[in-house]
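Letters A, B, C and D name the chains as they come in the text, with residue numbers starting at 1 for each one.
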Amino acid sequence: MSSVLILVPLFGIIGLNMLPRNVARRAAFWFAAAVFTAEILLAIVHQPAFWTEALVRFDSFFRLKFSVDSLSRIMLICIGVVSLSSLVVAKSTVSDEKEAFKFINILITASIGMSGIVMVKDIFSLYVFLEIAALSSFILIAFNKDINGLEGAFKYLILSAVATVLMLTSIAILLLDSPDTAFSTLHNEIAHSRGNFIVTFAIGLFICGLFIKGGLVPFHGWLPDAYMAAPAPVSILLAGVMTKACGIYTLMRIVASVFGFTDPIKNTMMLIGMISILVGAFAALGQTNFKRMLAYSSISQVGYIILGAGTGTFLGLAGAAFHLFNHAIFKGLLFVNSAALEEKVGTSDMSRMGGLSERMPVTGATSVIAMLSASGVPPLAGFWSKLLIVIALWQIGHYAYAAIAILASVLTLAYFLYMQRQVFFGKLPPGLEGLREAGNGLTLTASALAVITVGAGLAFPYIYNHFLLPLKEIFF
Amino acid sequence: MNMLLLPILIPIASAIIVLLLPKSAKLLRDTVTLLSTFANALLAIMLFNKEILVSYPWVGFGFEFSLRLYNFSSFIMAAAASFGFLIALYSSAFTAAKNYSKSFFVYLLISLALLNGAVLSNNLLLMLFFWEALLITQFGMIMLGGRLAFRTATKAFVIIGASDLCMMVGIAIYGFSSGSFAFSNNMPLAGLGGLAFVLLMIGAIAKAGSMPFHSWIPDAAIDAPLPVVAMLPGALEKLLGIYFLTRISLDMFRAETGSWVSYLLMIVGSITILFAVMMALVQKDYKRLLSYHAISQIGYMVLGIGTFVPVGIVGGLFHMINNSMYKCCLFLTGGAVEKQAGTTNLEKLGGIGSKMPVTFACFLVTALAISGVPPFNGFFSKELVYDGALERGWIFYLAALVGSFFTAASFLKLGHAAYLGKADKDRKDVKEAPYQMLIPMVLIALACILFGVYNKLPIKFLIQPVLGVDRLRGHNYWGFPPNFILAIISVVVLAGAFLNHIYGVKKTGSGLKAVDHIYHAPVLSEIYDAQAKGYLDPYNIGLGFLNIFSIAASWFDKAVDWFYNVFSVKTAALLTNASRRLQNGNYKTYIILSMATTVLIVLFLLRSV
Amino acid sequence: MNVTNTDMLLLVLMTIAALWTVMARSLLKATIGLAITSAVITILIFRLNSPLAAVFELSVCTGLITVIFVSTISLTKPLTHKEILEMSKARHKRYIYLPIILVATGIALLFLKIPNDFTLPRLATPATNVRNVMWNIRHLDLFGQIIIMMIGAFGVVTLFITKDDKDGS
Amino acid sequence: MEASSWGLFSAFGFFITLIFVCGLYCILATRSLIRAIIGLELLIKAVTLLVIVTGYLNNNTALAQSFVITIIVIEVVLVVIAGGVALQIFRHNDDLDTRRLTNLRG
């Protein structure tokens, strides 16, 4: 199935750009929607023989070396869901038809890049797809060509390029140790020459490059600017999956299937995760801008994922993978809400909001759900993933990390409660009396994502058995 | 479909129905709510004292959806279901004119379902699920009080949430060090076990509202709608918290008399009794005064259970059910007064006793019960607690006794100021409350008398089975208190409280100011001052700390600048001039930070080579 | 596989060109410096048995990228000669440290003893057929290149062409 | 690794590190966006050379060349996009000063 997810959108875009303009502009939205929906469905229903057989033939024709395992499946679902949300939000926020067409084209290339990242099994191809995703997102951030967007895009570009250079250096050095760059070969060669000076050096560079891509503290400088300055639909994409696919998923994958969980790597990951959790949460407390607060909260939540993955145990990785999914959903939801606020209030400055839950009931209610899930309140999905991570930390004897991880979710609650009070409760500021709920596209997306959050929490046993347990087979 | 799923599904289903009904369909809504709460109560009584176990596979590694009904859980469920029905009946009149009526009923039904679920759960993780969800309904219910209630709701949420986190950690420790999340592990208290016990205990007593997790309750009493207060801190949360405390102490841990956790519990109990009652004494608001008593009474239960001797535990549990009854009823009378007289400020009330005779009678009965006057139920449970406390140390007994003195004094003051004395000019034409509100109060008041006069009924059928034959060793605790001398002393203390009241009234000429001489006593007055300014409120103290942290955090990015602008200037002389030129370029800061950390990480990894 | 004197000379030349790129006063000179660096690297790549990559490096990096830079620079307002003179003193202060840092780094590197403790996974017969490798083994990267080029086209459309231009023309 | 190969690797590694330092210094010290992109170019140049060197040492120049071709294509597109962003910033600010890119902070 795997190459379908790359080739169909690729040929699709080429075809779209060859069609006459009027047709292409109308068809683009539906084509993209179909691609993303198909991506979700293919990732969820990945077993039936018909698909597999037909798709295997397709794969072998193009001889693309993709493979989809359970971790990739989870990521593919995230990518599909978040891209779809971004697309729907873009439809209602980008009004100009021509601009919308360009936007959808780049959105599709971005999603090709991300799908590629989660399916490749070769470290150099991984780099190629990372660049595809990153280059698309630079254009997307700068899409409106306002000065803030350009500034955010430039900072992201520079930092991301530095990360790329680090990773390429690492790949080049690893080539001294391995005849090719496939994950399996590299894994064997690295395991063979563990403790070697130059190889360790290369591993360190690669991990740090991924830290930059994932926006972990103290590599996070670009992240709040990029998230805040990007147009609303792009923020959804960036915060929901982009940095997760580029940095976090890749880190989990590379460490698990190439570098191996050695103690120094585990300690580094857990330490960086912990710092990210704390700094992100504390920084979020001091924000006055809705989107910027969400950006810092993203850093903090990503810290949880890395903390969980850094345990190197099954439970930790399962928790990390599930938190990755949850984070994509609830942070996507919050950014959809921020798009609604931006559209209606005209700003994302929280000091100019208040009492909006009366005027925008759907937006208010869904953001409460997202907030509770992010803070890990049962029975929402965020609770389960955090629980798994904390249990994993406990099992390997890192009691202090476990305790701080729990306490930090109080901090999460604190800044979200502050945000709720600033935005949704309290008194309506003058000038907003005539405010109405955002359009159907936004509210429907928000409601759908909220349903997923609640549903994933309630159906956790099902998810655990069908999506998380198979992770055991890849990693162990 | 198993019978045990019904207590969870019935309220949830009717909550959904109520939610879907339009806001204007008041009669239908009331009917649905009353029917379903009644059905729930009936079901709880039908299931009473049965032993049923259901189990569905759920997550794996020992997380099962497993429910168990036995004497204790059926007892708590029946009590909660009865309160649920009565409060629903009461609220159908009380909230009639309020626009939050619909949301309140939804929350009430969901809370009932969750409570049933929590009580029935047969393992800790499942219980945690229901327990935490109650936190959300609690938040929502307090929020019903309007805009001002947000602060209180947040406060409650943070306090309970934080203590629940402790409980989660406790459950994790318990589960992993004893090997299963079942309730019956009899884990020893040494080492990690002790830590687990304390963490779980924090969760339990915070839910019950004991000190130092109490400070949201008085605020909620003012800000939240009255039925919410009567239901959650008044009845359901106490039942649940004490239920869990008992389960911890009796089933989960091998807690022995004389162990340090026993002393810890007794100290927490004694302090709660004393401090809360002292605060109650000086309140000038009907509901706020009651709310402090709601805290104080928890102290008796924690003290009773903390003795770890059978008589104390029986007393604590008996006190739990008694207290839920009379405290619920007292709050309901407060609601009746609020609705009919328009205020609960004691300075404005007075002389309404003759205008609301039924309410007054109910108040009288329950006030006597809470003060521990024979032959009402409170007397008997307190005597049992006294007995247990004395067995463990006279100091705890003394604390309980002093608490009893002040309880009586404050209720004399309350009754005097609210119901007797001269009527206020503006409240000449106060009428008796509607019958939907009276029925629950009267029923509960009658039950208070019944449980007192015929205390064999609750003790024999409800409480003693919880402890089991092994622990009781053939003792039976019904009938007249076992220790006659203690009963005499209690009566003398009550008489003292009465004399004190008369002295105060003589001195100040007003029922409201009858206890002011205590308020102005040398040391106490300073404590009262500090409390009034909020210095003693743990929540405020915590908030202060958090503030400091958040200031520190908002300076983080400036600290990064400092690192770049100041630190590097001093360390790297070569870069001095260049860095000054670069200080405004922000993304450069990020690059420098990233590269510096990269070097550190690479060095760290190379260290092991 | 020895390093020859020619190689060393080229490497030194490359470093000097890079240094000049960074320290050049005007942007155009910097661009030319980059092109020279690139050209020297091309020769090095050629000497390392990689002709195809050398051709790419020469045509794309020395040619195309220089063109891109020059056209970008020409679209922006160039500084006047006076401004350059004003800035040059400040620039001088900022960039004077680069050679010093370079020398310091060089000395530090000379003292750094990296253990030479691994064997190369050297192919028995040198694989030289790049086309074979590209089409048969790395064709996924080829797909990636196609997508990347499309993104480049979108980038040009989005970032270089603005509504003002269209209105003007 | 044999001594001769090691010598080649060390010599190239030495100068590649120097170019790397040049590029990094350029990004950090410059005030012009274009020059920052040039610095980035130098970094990528250094990496390109490194890939070729490792390929040469392994007798596997085919693989290294195919990598380098891909890297060069990506590099061009990166420069195009970066140049476009810089150009748009120029349209807003009327200069290319990096010091004016500090609107977003906190």
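To be clear about the criterion, contacts are C-beta pairs under 8 Å (C-beta built on N, C-alpha and C of every residue); 3 or more make two chains touch, one makes a residue touch a chain.
Because the structure is a prediction, the values reported are computed rather than measured.
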item: More contacts between chains, A-B or A-D; value: A-B
item: Centroid comparison with chain A (C-alpha atoms), farthest chain; value: B
item: For chain A paired with chain D, centre-to-centre distance based on mean C-alpha positions, whole Å; value: 27
item: Euclidean distance of C-alpha centroids - chain A vs chain B, Å; value: 41
item: Computed distance of Cα centres, chain C from chain A, in Å; value: 32
item: Averaged-CA centre spacing for the pair chain D and chain C, given as whole angstrom; value: 6
item: Multi-partner residues of chain B (each touching 2 or more other chains); value: 554, 557, 578, 581, 586-587, 591, 595
item: Residues within chain D bordering two or more other chains; value: 1, 27, 29, 53, 55, 57-58, 60, 63-64, 67, 70, 74, 77, 81, 84-86, 88, 101, 104-106
item: Multi-chain contact residues (two or more partners), chain A; value: 124, 128, 131, 135, 138-139, 142, 145, 154-155, 158, 162, 176, 179-180, 196-197, 286
item: Residues of chain D touching chain A in the complex; value: 1, 9, 27, 33, 36, 40, 43-44, 46-47, 50-51, 53-55, 57-58, 60, 63-64, 67, 70-71, 74, 77-78, 81-82, 84-86, 88-89, 92-93, 101, 103-106
item: Of chain D, residues touching chain B in the complex; value: 24, 27-29, 31, 98-99, 101-102, 104-106
item: Chain B-facing residues of chain A, complex; value: 154-155, 158-159, 162, 166, 195-197, 200-201, 203-205, 207-208, 211-212, 218-222, 262-265, 267-268, 279, 281-283, 285-286, 372, 377-379, 383, 387, 390-391, 394-395, 402-403, 406-407, 409-410, 413-414, 417, 421, 425-427, 460-461, 464-465, 469
item: Chain C-touching residues of chain A, taken from the complex the two chains share; value: 6-7, 10, 13-14, 63-65, 102, 105-106, 109, 112-113, 116, 120, 122, 124-125, 128-129, 131-132, 135-136, 138-139, 142-143, 145, 176-180, 189, 193, 196-199
item: Residues of chain C defined as touching chain D within the complex; value: 1-3, 7-8, 11-12, 14-15, 18-19, 21-22, 27, 30-31, 34, 37-38, 41, 44-45, 48-50, 52-53, 56-57, 60-61, 64-65, 68-69, 72-73, 75-77, 94-95, 97-98, 101-102, 105-106, 109-110, 114, 116, 118-130, 132-134, 137-138, 141, 144-145, 148-149, 151-152, 155-156, 158-160, 162
